[in-house]
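Presented sequentially are two complexes of chain A, the first with chain B as partner and the second with chain C.
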Partner chain A sequence: MSTHDQHGSGRTGTHPRRIRLLASAGAAALLLASGTAAPSASAAEDDKVLTVAVAQSVDSLSPFLAVRLLSTSIHRLTYEYLTNYDPEDNHVVPGLATKWKSSPDKLTWTYTIRSDSEWLDGQQATAKDAAWTFNKMMTDDGAATANGSFVTNFAEVTAPSPTQLVIRLKQPQATMTALDVPIVPRHVWEKVDDLSKFNNDKDFPVVGNGPFVLTDYKPDSYVRLKANKDFWRGAPKFDELVFRYYKDQDAAVAALRKGEVSFVSGSPSLTPAQSASLEDEENIHVNDAPGRRFYALATNPGARAKDGTKFGDGHPSLLDQRVRHALFMAVDRKAIVDKVFQGHAVEGEGYIPPRFPQYFFEPSADQKLAYAPTEAARLLDEAGYRTNADGKRLGRDGKPLNYRVLCHATDPNDKAVGKYLEEWWGELGISITLDCLDNVTDPWLAGEYDLAFDGWSVNPDPDFVLSIHTCDALPATPKDTGATDNFICDKTYDELYARQLAEYDPAKRADIVKQMQSRLYDLGYMNVMAYPNAVEAYRTDQIESITTMPSAAGNIYGQDGYWSWWSAVPAGSGDSSGGSSSTGAVIGIAAGAVVLVGLGVLFLVRRRATADDRE
Partner chain B sequence: MSSVSRPTTAEAGAANGPGSAGAGRPSPSPRARGLPVGAYPRYVAGRLAGAAVSLLAVLVTSFFLFRMIPGDPVKFMTGRRPVSAEQIAVYRREFGLDLPLWQQFTDYCGKALTGDLGTSYQFRAPVVDKITEALPNTLLLTGTAFVLYTALGVFLGTRSAWRHGGLGDRLHTGLALTLYSIPSFWLGLLLIIVLSVGVDPIPGLFPTGGMESGREEGFAHVVDVAHHLVLPVVTLVAVEYGQTLLVSRSALLDEMGGDYLTTARAKGLRDDLVRRRHAVPNALLPTVTLIFVNLGRTVAGVILVETVFSWPGLGGLFYQALSVPDLPLVQGLFFVFAAAVILMNTLADLLYPLFDPRVGR
Partner chain C sequence: MTAEATEGSESTTGAEGTESPESPAKGAAPGPRALARQRRRATVARFWNEYRRHRAGVFGLAALSLFVLVALSAPLTVGSDVESVTNAPGQPLESPSGRFLLGTDQFGRDLLGLLIWGSRVSLLVGLLAAALSVTIGALIGITAGHFRGWYATVMMRITDWFLVMPTLVLAIVLATVLSRSLGTIVLAIGVTTWPTTARLVRAQTLAVESRPYIERAKALGGGHWHIMSRHVLPNVMPLVLAQTTLIISSAILAEATLAFLGLGDPAVVSWGGLLQDAREAGSVSSGDWWYLVPPGVGIALVALAFTLCGRAVEAVLNPRLGVSR
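So, the complex of A and B:
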């Protein structure tokens, strides 16, 4: 038999294949091994880099279009606004404007623009740039996309001189020192044809005048900023600030643990499990700070439009104030803070969180709806909603009360609190149906719910979160969308809202804002259960110190202002690209091992094939 | 989408055991026989026409399908921030949502035929740009994984079948099945913890996420991307190779009792050669079907693995598009995903006659 020939031809046939396989294995190993070159190249740079893990995609880098938190935070860092907020207590401090005053009729505001702020290309930033920015927003729909609401009450904006900006209003407006609008360089932006389609993400570095310069951006990979050494308030301490993408929060925490990133905030916050796992870690500091959000239970007051049309199907019993109060009195806020937020929250009181002390409202002793289930049951009896023989509380129609509670399927807190409500209200004889949806917007805007989990992030100027409960915010007709949160419309509240908007004295205005919250509390349509903390973490071997806002105890990510990243001081040995450089040698060893194992497998396969040959 | 008379993956996956298949098989080497003259062009034309019809159907379906998702994009984009009623009207006008549905549809079709898939609502950029931006990233990840898990699956599958019942076979099949049933995001996180952060004594070898450090250029950049590619590819290969392994294993098992194999052995061929030259080619058809199905899927990305490893690909883009819903983006992506599957199925159809001349006659 000519087995030998067959063997021979077979071998020559497969030989080149094995060589190719071997060669490719070798090449792969080489590629891996040379991975050592990559991190060390970046480590060789002496630049102090601050890397922040983020998850949210950039919607646009144009200040006229961007609305997401990450994008607007980048604009805070790269453009100046007229004013800024003090990191210590949120009071208004100078930004591009050094001072401002209003006319006796409250309708004309004059801002003095600083003369020591330069654009990246060396040109002076002036009042003309500010006037152009506002005028563009008033006349061009595309430019009004993100911040149009700031200029709806503007009659005219002019710049009589490079250091003087004059804004004339249609109506008095107390929020004129809280115009959170990035001022752009006119000489760059007037060349843009269509502002509604220009994303400002092609030419780098981007011409700005903030503490950082936007130098590079790759969608969903990174956003890179360099320190502006000529910034008028002083240069940032880090040379570079990088927002790096971690779409999964656990992966971001792993990156922090490894030292690939300097800071993780989570969106909106680290989970209790994540923060607990980081607390004992060396070189990591967990910042458990009072948050700017409130977490509430909103009640449907009967949806209606401005034209008077009623719609939706809110439960009629909820129109009785005693029922709303009774429901809230059966909610154990302390248990929610302890069990659901695991201590990372503060018990709810008024509408605005205590992080803003000048506006924070606490109900008086006889006004307070404290946790008192027995009293709640008595109140329901008094309102005529009595229990039947089975212990079920009956409505006016004689049917047992059952409320539909709208919850966000994506928020585990909603589901957990929902379970507690089921138990607490169940003891009152009231059952609930928890509707956890991915998209709550549709039933919400249609008024097709009884109660709903609600929450807002509050700005240093509370105007917006107050405005969403005015009658003016209701939709024009049932088909329209209004700015209203949950269809509250109350004459007393509206009168107070108008008064605070026209009150230019901060202390007097704060007093009116507290009266509004008191009214809201008594109405019982918006019951604040808790103020969730902002739980974030950073590496102390990369960041020596960083300013929180408020500075005594406050958050770092998403501040109103550029304080955190501008103030961050690199740690002595700080190298935020760390971790990877030390692994270089190990990678080499691993690559070597891969090659060895590969060779071994090939050898074995060859041997086995030969041994198994049949004669 | 294309209807083809060929063994489906499921059928191919049902192993009959070694004895049942060999009998009645035609020639041991189908490649040696040609198609009747004129049959192949007719067959090709038929397949291409089918693919074109499928593509048109997808174009139409994607327009109406996503308009049925609950949620109003304008309400989503203007919610939770101060926006006046006039501004909302501007949004509607800009997105063309104020037009009657039939007009939106004809606009969409007209533009799509010229290659314009519209402008993304949330990113204010042409859909085509957003897709071409993320497509190479996805193809790099899924393409690399595809090549590796297919090669590994076929290699181990055929060897397992050849020595079925042995320790190696049981070990490989068991391992492949176990990995196949592990959720990819869980395995990914585990790999991050062990191989990226490092657990004593294992050091952190790989980056925790992303596609690049963004600092390198030229060859260093290639190396950097390869370094970032390792863990997501390992995850994908681990959870995917089992399917190919099982299909190629059972396909080969069907061939194992074939008389032509006995003949080949009788000729004195080495066992390796009998498998490679005679048995495997005949067992290829179901595996090829699976390979092309998988190839079509590579474009759609792998949303969970992309998320865990923060890979900037199409899967993540699709998720973001759905949550608004960003209609032009979601339609465009759906069209591209479906087109890839149709294209690969058509390609598979066109290649079948080369593997088995009985197809397409």
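So, the complex of A and C:
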């Protein structure tokens, strides 16, 4: 309030000046309030805009670098992949490729590329583009950053004709119909010098051939996409799709209530309280679907690199399988589902969520680590970790056991489950230290943790989430970053992994995948506690219908494919935006009035306070 | 400069060295110890009489006593069981009822109990952080005022540096770098809020040291330690006290802020931590006011109580301030 000196001077001049000042302040407040209340008004008048509130920022818009869910979802929308997954039941359907077949020796795959897909600049998307994309990933380390694992087994990729792509393999590979690699236009990407540094976010619109065109991007603010009217599968019903970044989930939910956004996905999902309150709301539909994520407790198996160097400082007692089993047997998974997720999750069993029934594994009765605290205590006694007079369990070094549990500060569920673990394991005589960090990557990669909260989204083809537990995924040296999740390296598991990758018969492959999960379950390094639901909400007065995946009960955000946004149908009339802008105006006027009154009061108080100083 | 102006008036409370001659005890000549004790008692009584006239100060003190009483008796009234999630008595996010006066949190724990239990941490961190902050501030202020020269220059430049640094940002950095515990929070708040105290104390030290009796003490052979501890410290003590009460309120706010930002110890229940839990449970957007409002009101009330007390003490010690209030 540096202006208050000016007010004090001379009584006669104050009155008109005060009015002018207040009027301008009020006008500014009005302008400000209405400006923030109706940002969507900037789009063209009759354009149907679908705004999605996201909590994740974009890591890169280059298909060769992006790994985050939001970025890869955007690539699903802007580039075609060879194949896609059916929204009904996840079976493989044509994408850029219309047909595919493997040679009798299982080593050569031939794809027929469609001829009705065009890049934004009018050029035809051909097999040459696909061949260039794969070859680039095979030869350029920078291009292999995100999806390199798909091509490690490729021997040669060629395009004999614009409609034919031939991939020769070193070993049989079952994931050839699930190559989740965006195919980029060769004539555009050839000009890029260093793919490891190019983020594809300077030149808009970005040349692609997906159902949407990437037209604008502002880091940590929004990503704007326009419908591709010439898309071969048919144009999307919405004209524009905007992913708007909301750091705070409550703010995103409030924006949904106000109608500023049409869809909120939550990070990773809406809290039980939020979904419960949104369910009562008119015009808002809460989609509570079985998720594709698992939520697990990972145990440090002694971090090591491929060259045999051990590093990190995982607790030695956790190398004992009985200890790992005992810890997990003291975890009441049902309570976690009931209390922490409040029913918005399914109790954990095997590694792959039940949403993928062909791969879902349930431990047998005598294998299952059911909740049994007394049995857990007995197991610990048996392993030689006995309690002292204070009831604390002592390690081999005679010190009380205390495990560091790495948790994501950004995920409230981690902290909540941590509170339960503290008490459950406290009964066993084991204390824990919850290390809740914004950035868990550094201690994780360094192997500096005992236990950690872990979770992955599982794709229709489970190869990737299985591959991250093989010895091959370990970092080459302690300084490198491997694809490994938790430094697990087990011979039996690796053998099974190789077998499932070479198995082209779906039923047989599924059986091996289940055996792998059984092995993983017995090892006790990855203890799946729950499969959280995807809880998301959208406005029914802005989105009339939208495809979930799988269609019976499925999620909307982060699908394996572009189905949800491509299929979304705008609600009939355009009167919804009128409603929101009028509430915006009301809020603006109210805010302006409050500011006016506040300034008036402030001014009076100031005048009174400085009354002695004046004249 | 304020000390000089008020010297000789009855407001140089607690300043033993400069006690004006009107207060010696009447009656039979008691020993020097008894004399001192009597003088101190009279000073305290006079202080209290002055303090009582500040109605806001009395209100603050009453509120404070209530909070302290509640916090101290928490182990008896609610007990640490209230923190337990596995034995939580209620359903998640129940609204206030006869059984749970302030409803429950997302684990089904009694929020009234948590609020009482959390007051201990909030008060403790507030007090410890303020004590740390004022100790650093007083130490640097007195030594800088006493030694002057290059030492004072260096110290004051450091003080200035801390003064211009945004306190919260610095505290967040500290709390992020160090491990998550109550000690870290205390440290983070303590080492970021001391500069104002240092500046105030240095000014007062300079004023005290320019008085003739300090010169006399020096002439009689009083060393640095003697002068600082026997003459300067008692004279800046009232200022330090007032400053402490004021800093406690900002320390409690800072603790709540850090805990709300998720930088506190997640295993410890505090008011700021409760607000953070409430936010994470999504109770802001779902309108579960009983989860959000009580901790916020608690923080505001305690901070207000300390501020009122601090202001009153300040006004008593410096009558020129008192006039305008």
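Side notes on the structure shown:
Quick note on the criterion: the second predicted complex is superposed on the first by the 463 of 615 C-alpha atoms of A that agree within 3 Å, B and C clash if a C-alpha of one lies under 4 Å from a C-alpha of the other, contacts with A are read in each partner's own complex, and residues count from 1 in each chain.
Criterion: a contact is a pair of C-beta atoms (placed from the backbone, for glycine too) under 8 Å apart; a residue touches a chain by one contact, two chains touch by 3 or more.
Everything numeric in this text was worked out from a predicted model, so none of it was measured.
Once chain A of one complex is fitted onto chain A of the other, the partner contacts of A:Lys419 are limited to chain C, with no touch recorded for chain B. After overlaying the two complexes on the shared chain, residue contacts for A:Ala144 are found with chain B alone; chain C is out of touch. In the superposed pair of complexes, A:Ala502 makes contact with neither chain B nor chain C.
Contacts of A:Ala254 after superposition: both chain B and chain C are touched. More residues of chain A lie in touch with B than with the remaining chain of the pair chain B and chain C.
Look at A:Lys218: by the touch rule set out above, it reaches chain B but stays clear of chain C. Legend: residue contacts after superposition of the two complexes on their common chain; A:Asp442 is shown touching chain B, with no touch to chain C. Once chain A of one complex is fitted onto chain A of the other, the partner contacts of A:Ala335 are limited to chain C, with no touch recorded for chain B. With the contact threshold set out at the top, residues 250, 254, 257, 438 of chain A are in contact with chain B in one structure and with chain C in the other. Of all the residues in chain A, the ones that touch chain C in their complex are 249-250, 253-254, 257, 270-274, 276-278, 335, 339, 342, 409, 412, 415-416, 418-420, 422-424, 434-436, 438.
Residues 1-3, 6-7, 10, 14, 31-32, 34-35, 37-39, 41-42, 57, 59-60, 65, 67, 141, 144-145, 148-149, 152, 196-197, 199, 216, 218-222, 224, 242, 244-248, 250-252, 254-255, 257-258, 260, 438-439, 441-442, 445, 456, 464, 467, 476, 480-483, 577, 579-580, 583, 586-587, 590, 609, 612-615 of chain A touch chain B in their complex.
Chain contact summary for the complex, chain C toward chain A: residues 84-86, 88, 92-93, 106-108, 176, 180, 262, 266-267, 277, 279-288. Chain contact summary for the complex, chain B toward chain A: residues 70-72, 74-85, 87-88, 90, 94, 119, 122-125, 133-134, 185, 189, 192-193, 196-198, 203-205, 207-216, 220, 222-224, 226-227, 230, 265, 267-273, 306-310, 312, 316, 320, 323.
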